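Chain naming follows the written order as A, B, C, D and E, and within any one chain the residues start at number 1.
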Amino acid sequence: MNLLLLLILPLLSAVAILLVGKGTASRLISLAGAFGQLVLVGWLLFMFLQFRSNTPTSIYFEQIYQWFPTWAIQFHIGVDGIAISMMLLTSLVVLSGILVSWKEDKYPQEFFFLLMLLSLGAYGFFMSRDIFTLFFFLELAVIPKFLLIGIWGSGNKEYSAMKLALMLMAGSALVFVGLTAIYQETHTFDLTQLAAIHFSQSFQYLFFPLLFAGFGIFAALFPFHTWVPDGHASAPTAASMFLAGISMKLGGYGCLRVASFLMPDAAHYYAPIIIGLSACAILYGAFVTLMQTDLKYMNAYSSISHCGFVMLGIGVFNTTSVYGAILQMISHGLMTALFFAAIGMVYYRTHTRQVNEMGGLLEKIPFISTVFMLAGLCSLGLPGLSGFVAEMTVFIGSWENADVWVRVATVLSCASIVVTAVYILRATGKVIMGPLRSSFSSLRDANWYEKCAAFFLLAGILIMGVAPFLLHYITGNEAASIVSATSTVMFNK
Amino acid sequence: MLLNNWLILKQELFLTGIIVGILVLWLASDLKKETWISILNIVLFINVCIPFIRFDYGNIFGDMFQTSPLIVFEKVLLSFAVWIISLFSYDWLKKLDHLPEFFVLILTSLLGMYFMLSSGNLLLFYLGLEMSTLPLAGAANFEFGSKKSAESAMKLILSSAFSSAILLMGISWLYGMMGSLDYSVISTQVGHSPLSILAFLLILSGFAFKISAVPFHLWTADVYEGAPVAVTAFLSVVSKSAVIMVMIPFFYQIFEEKIDVWYPAFIFLALASLLIANLFAIRQQNIKRLLAFSSIAQVGFLLIGLSAHSQTGATSVLFFLLIYLFSNLAAFGVVSILSSVYGKEDIIQLSGLYKSHPFLSWVLALALFSLAGIPPTAGFFGKFFLLLSGAGVSNTSKYWIIGFAAMNMVISLYYYLIVVKTIFMNQNPEQSEAYFPSTDPIPMPVRMALIICLAGLLVVGFLGGFYQHIFQLLNGIN
Amino acid sequence: MMPASAILFYIIAALILVSAILSVTSRKIFRAAIWLLFSLIGIAGIYFWLDMNFLAAVQIVVYVGGIVVLIIFSVFLTQGSGQSLPYPSIGRLFFAALVCLFGLGISIWSINQYGYRDAANEVGFPGMKELGKQMLSVDQGGYALPFEAVSILLLAAMIASIVIALKKSI
Amino acid sequence: MLNLTILCIILILPFTNFLVLGLGSRSIRQPISGYWASFTMLVSAVLSMNVAYLYFIQKGTINGIYPSVELLRYPWLVFGKNLSIDISIVLDPLTVMMLVVVTFVAAMVHVFSLGYMKDDKRYTTYYAFLGLFTFSMLGLILAGNLFQVYIFWELVGVSSFLLIGYYFTQPSAVAAAKKAFIVTRFADFGFLVGILIISYYGESLDIATLIERLSNTSSSQSILIQSAGWLGITALSWGLAMIFIGGAGKSAMFPLHIWLPDAMEGPTPVSALIHAATMVVAGVYLVARLFPVFELSHSIMCLITYTGLFSAFFAAIIACTQTDIKRVLAYSTMSQIGYMMFSLGIASHEDHYLGYIGSLFHLFTHAFFKSLLFLCAGAVIHLIHSNELGKMGGLRKLMPITHLAFLIACLAIAGIPPFAGFFSKEEILLASFHSSKFIFGIALLTSGITAFYMFRLYFSVFWNKDQQINSHHGEGTGTMLFPLIVLGLLSIGAGWVPFSNWLYKGNEPVQTHLDLLFSIAPVTLSLIGIIIANNLYRKPSDSPQNLSQVWGKLYTAAYNKFYVDEIYQWITKNVVFKLFGKIFSWIDKNIIDGLVNGIGSFVSNVYFFIRGIQSGKLQDYLLYFFGGIALGMIYFFYIWK
Amino acid sequence: MSHIPLQHILFFSSALFFIGMFGMFTRKNLITLLMSLELMLNSVNINLVAFNKYLFPQQTAGVFLALFTIIIAAAEAAIAIAIFIYLYRTHQSIHVDDASDMKN
């Protein structure tokens, strides 16, 4: 299958939205586009599985085009299991994001256009095999994010949009310096070629922190996370879903695929710091979430906590933990998107996101409340839903490291499951349970599009939660190969 | 002189022809403004296309005047920018009392740049430099009725005269050491005596002034703010590009041996420009001033690229200049409309622009994003390659420099985003109606200019082949 | 024993410097213009002293006859000649003097460092005829191109000056 | 034949109920859903008994022991080479016993709920939740993989949450549900860490493998886990202690018991199912399951013993003072589970694991009589619409069958022969007698107190003063009476099951026999308790009140549950929220976010310090211009080279 | 003339240059600024001519540069004075600091 299709489709639908214009048409086009993406990714997955059994290589559907020969920059795309599963996540989130914002009536054309652009960036990022292209797609999403939050957001939206854009830009600035250094060291941007190169230790020690912190800002690594709460809280529903569901994964994926993968020595050297920060993010994020009363802030902070698991997995960097990190990326993507969708639906009806101003919604809007509850349960790691699978894999993985520091970090991270339960139940208890407020007595339950949106995400969560072996079938080997590839590089020196 | 020699000069000759033609037409007939403008736009477009008729390269006037594919390319860029400027200044030009004179001045300036680019000799270089500046000072005064315009003209002419006096002093000392003004002679015998360093510093300051690098930049903001938008655009795009284009052979070839002087100097200028300009730009209320500081910051990036002292560095600089041309002209195009509606250019007046003028809003926003270096706009590629080549030197602290520049990109993003925010997110002061009246349709030429710029700033970055082409043009530059 | 020409040079130089200093410090603008005039004439004298007659003539024609007159006219146009110029602030004076002295010091130091060959063999310097030929020559060492170019510059300058100076103010 | 299909049917039936009824909670009409669910559960129960028959009778022993049968193993989630979560179904005597108990009690509760819940709006949802619970509980007990246990452990937790919070419009129910979930979640944290420790050293998550490796003292895993340690405690003990915390949380052992009394906010049949018979004994089940491993660590066994013992005694005392019928039952549940727990703790090979057998036997019998008690209480509450003892009294005339069932259950729990409780308790007491006199003494005392408070309950509800109940019905519907009768019969008869023939440790059944002489003491003590209760509560009188005043502070403390809740509340409020939450969010807002904003505002305010450069005065510009050159001169002439 | 070392002429021209620069820094009247500027340009011309005469008498580049500088200076002066006059009309002042509306 031609991977370019996955770039062309969002681009075409974006252009079509711009050209066709007004409201309904743009909605339909974007829906068709998003659905097309899902189909394409599904088809890609199918082809991938078929090909993999025939020809075992590490990268599939590779395409290389010369782009800037002066710099040896190629437009090099290709996928493996991890990339495909991330793309699957993207397509699900985008589709449901579009469905959720079906009734967006402020500049719908532009709204859907920007969403399409965002999805383009995400696909491109995940399929890039050249870190220049990867960086290009990483930054591509800055404009849409800024505009989505700033124009369609709520609350202190301009501040949030600005903060988000600047912090992400700062992250990519760090990444950029790292990329520059890698290029000047090797004169190539190609990931496949870079993978075979062993950087000197001093080089790794110097530039790994830059790359990791840079991508870490995207992934809400602990001290760099403050864009997350404001950004997520102010963003419109679809943008929140995208931000938390996909955008933060770009960071995790980058940390894994670029930083740790290319510089395993440094990854090993800095592992205690990364692990410490991740454990801090996990527990700290959870405790801060406890104190939030705004639902979106809550979910945003809980995202910080959950993304800590991703970083923990990457920090520990063994087969299981990396696999756990990948699982957690996917799981968190689906779950947080669902949560934001549910919050959005609630907000759309009640016009408040303050936990204390709600109550008893289960009686009036059972569907949305159930979705809300399920998202919450997934977030607190209920077995049968995706969160459990991912978190447990990370725990097991990081426990495999017998270092005391890692052990302590792991136990602290495990402790977060309690705090998570506290805040999730507090929210569900206050929002959907309890006596119904009189002002909410005339709420109407979910519309078809909201149901569809929730359905897609829920399906993902449930499939992953009930049958994690399916995902293992797609990505398990890749996680192992990432770790083993780097360990051979490490020990060859 | 043979015909061939004249053909080498064809761009200059055609431009001179235009100038003379304008004067003749001005004296001989009484054309309407619209006619003037359309004729000029067509002629300027032809001016852009002239070299494509036939490519002639060579040195004439005893190597005083040189052309090469690179120089022709650079001239095309400059004349293209002038064409765009004349397109988008349509509204302003229509109201201008002295339209032919204005064009005479602008085109003389362009001619000066042609000479400067083609110069093989410091005399012609100096002449070209002055020729490109002095008429502009006059043109800066063409916003008659504005006190600011006169002030900016005064500041421009006095500070540029001051800088050229200093530059000239440097040239004179250099002459005293070399005994010749020819580049070919100078490049072979640049010494390392203190006087040569001093002379070189003075010359460098002249360049730094023209490209408005910190701390030689202080005239920039004031002049940009006061001058008519067309002149500001010309100053910020054409003048600056021309000088930077000259700097490539100047420092890479003629003063190559002086690299241990100009490399640290460039780095200092670059970092200072980035930092100071960004810090100033953050708080600007006037969009022309903002763009002035932004252009200073861009110079910081350009200097980092220039400091690379390699063919790739030069390529990145030229590539970036092209992108900068599109982005900045797009921004100024929108500003010129703003200016012609209000007579002033405060950022706050862009409030709610999106409601009334989505097209203008997108153009301005994308232009600013391109200046900020954010994909998918071309500015991303431009900056990426500039900094990437800047990291190609063998200097231990190069990554600090790149990191500093990268962090400055973040700061710069802030003020660009403020404008974008104003366009898209601010409410109109009057709830009912757009602050920016949408009654007047955008005139055809302006629309055309904006579309060209928009296409340019969206597409150019992706053209890897084009980059390669520039790279080949620069063969032999180190 | 210093030859007369040398003494002449020092006298002219001193005259120029003194009048230049007076020109930049005089409180009366008209006097400043006159001191400038002296200074420029002195420079023409230096050219004569250097045997550069053509240049000296140009100096007198352009500067003395042109620019200074222009300056004096503009003084008349812009203000009464009797008006005293305001004092600059002491700090500014001091600082400017400091900076200039620093610059001068550095220049003199570096000029001193640079070992100029002593006055070279007295090859006959091209005369006015030669200069004229070179001015319009298109070959090596010819200045036809700048000559033509500068004419366009002058044209533009003229047009600019006319437009600007004749424009009625707001 | 014993095969996967039959077990799958048992498992899938409740799960299908959950799915179908949950999804169709609005379209499936009221009676249909209930009847369908009850029918399927009855089928499940019958099938389970069939399984028990097949396992114990038909298949029989091999070399004197009942072999464990692995019917299913599918790698569900693979973690690297050694560890994987295999979804598995393993049958061994313990499992089969639990299977029977769970399905049977669940079926009874389903049937009972037909009547009890018939007026409820979310009737179908209720059955869906019940289905989920039953499924999870079955998954838990059938698990052959430690992590699978954890998975279903969590799932039963969430079903418990859903069912406790079933009346979600009542804030108290919501609070109770949250409390139940969070407290058990806290315990699960321990469980998780325990799993991590044990699996890391045991290099497996499979229970059988773990037991095999760890109990074989010469295996490398065993040597490692015994030698590794932290803070002077071996890794094995750490792991087991952590796992026990998990079990203690679920089984409401002190100090993690606080959720159980509050959990009574749920519908009463739910309490009968989850908080009396099945879920709360999961901790006991877990310890029993891993008993061969627990056995290895003496200190942990002690921990189990004393936790259980204290909980039993502690809960019994509180139960004497409570006035809410369900709370009394809840504390009695806690007390009984404490019994089971300490009994497990004292089991050793010296007395042929009598404690182990006794514990599980008690689990078995307790399931019946305690669920019966709850269902009776449910029937009463259904009539009275209140939980308060003060509003009840004299109900024996109105609801004779319930009365009889309740009496049977009370006698059973009080350990009066020949009711079921007698046999199981007897074994526990015997084991404790063998173990330590102190434990025996406490256990005996507790047993007496149990009899007292159960009969206090009984008399208060069914005797005492006659309440004016203006109700058109006395007994509930037939569907409510049927389970009472069945369970009543079982409460009488369950003790006669030859339990120790089927479920034992070691190579052969333990010959338990009734030592009548030994039984005298506990039975007498129980009778004394009953008599005291009779005197105090049979007729309305002031004596209970006087008595409580005599006890004074102790009574108040017990009435207030010894202030454990308050301590927890103080900790949550002051430590979790005020200390961590507040401080962290303060840090986040002020330091981290403040730093980001601070950098931002610093950068944007530097302008005000440097704006003077751009003064608008030309000559300043020129000065700066030359200053730039001068800087270059200084650098190149003085610093450079 | 050969008795005068080249250096002396250069010192002299440097002095003139910095006198002019001093004027640029301190004078407040725009026209006096222009005068100072002319001094600076003239000092350069002296330099050029002296170099040409002393060191490279066989060619004429210095003289020509000086010549063109004079011409350019004239053009510059013309435009500058026109601008000053216009500025005087708009600002009613020729004081350089009066024209500082644009600043930060």
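Keep this in mind: contacts are C-beta pairs under 8 Å (C-beta built on N, C-alpha and C of every residue); 3 or more make two chains touch, one makes a residue touch a chain.
What you see is a predicted model, and the numbers here were worked out from it, not measured in a lab.
Shared touching chains for subunit C and subunit D?
Output, common partners of subunit C and subunit D: B, E.
Based on mean C-alpha positions, I'd like to know which chain lies farthest from subunit D.
It is C whose centre lies farthest from that of subunit D.
If I rank B-C and C-E by number of C-beta contact pairs, which comes first?
C-E
Just curious, how far off is subunit C from subunit A if you go by their C-alpha centres, in Å?
Each chain reduced to its C-alpha mean, subunit A and subunit C end up 70 Å apart.
Between subunit B and subunit D, what is the separation of their C-alpha centroids in Å?
76
Take the average of all CA coordinates in subunit A, do the same for subunit D, and state the distance between these two points in whole angstrom.
Centre separation, subunit A to subunit D: 36 Å.
Quick one: report the Å distance separating subunit D from subunit E, using the average Cα coordinate of each chain.
A distance of 96 Å separates the two centres.
Touching at least two other chains at once: which residues of subunit B meet that condition?
Each of 123, 127, 130, 134-135, 137-138, 141, 147, 153-155, 158, 162, 166, 176, 194, 197-198, 221-222, 280, 283, 414 in subunit B touches at least two other chains.
Can you list the subunit D residues in contact with two or more other chains?
Subunit D, residues with two or more chain partners: 600, 607, 611, 614, 616, 618-619, 622-623, 626-627, 629, 633, 637.
Mind pulling the residue numbers of subunit A that touch at least two other chains?
166 - these are the residues of subunit A that touch more than one other chain.
Tell me, which pairs of chains are in touch?
Once each pair is checked, the touching ones are A-B, A-D, B-C, B-D, B-E, C-D, C-E, D-E.
Going by the contact rule set out above, which residues of subunit A touch subunit D in the complex?
Of all residues in subunit A, those touching subunit D are 163, 166-167, 223, 225-227, 284, 287-288, 290-292, 318-320, 323, 360, 362-363, 366, 377, 380-384, 388-389, 392-393, 395-397, 399-400, 402, 410-411, 414-415, 417-419, 421-422, 425-426, 429, 432-436, 467-469, 472, 476.
Over in the complex, which subunit D residues touch subunit E? Could you list them?
Where subunit D meets subunit E, its residues are 607, 611, 614-619, 622-623, 626.
Could you please specify the touching residues of subunit E with respect to subunit B in the complex?
So the residues of subunit E in touch with subunit B come to 10, 17, 20, 24, 30, 33-34, 37, 40-41, 43-44, 47-48, 51-52, 55-56, 59, 61-62, 64-65, 68-69, 72, 75-76, 79-80, 82-84, 86-87, 90-91, 99-104.
State the interface residues of subunit D toward subunit B in the complex, per the touch definition above.
Subunit D reaches subunit B through residues 600, 603-604, 606-608, 610-611, 613-614, 616, 618, 620-622, 624-629, 631-633, 635-637, 640.
Taking the complex as given, what residues does subunit B use to touch subunit D?
Residue positions touching the partner: 154-155, 158-159, 162-163, 166, 194, 197-198, 201-202, 204-205, 208-209, 215-216, 218-219, 221-222, 261, 264-265, 268, 276, 279-280, 282-283, 411, 414.
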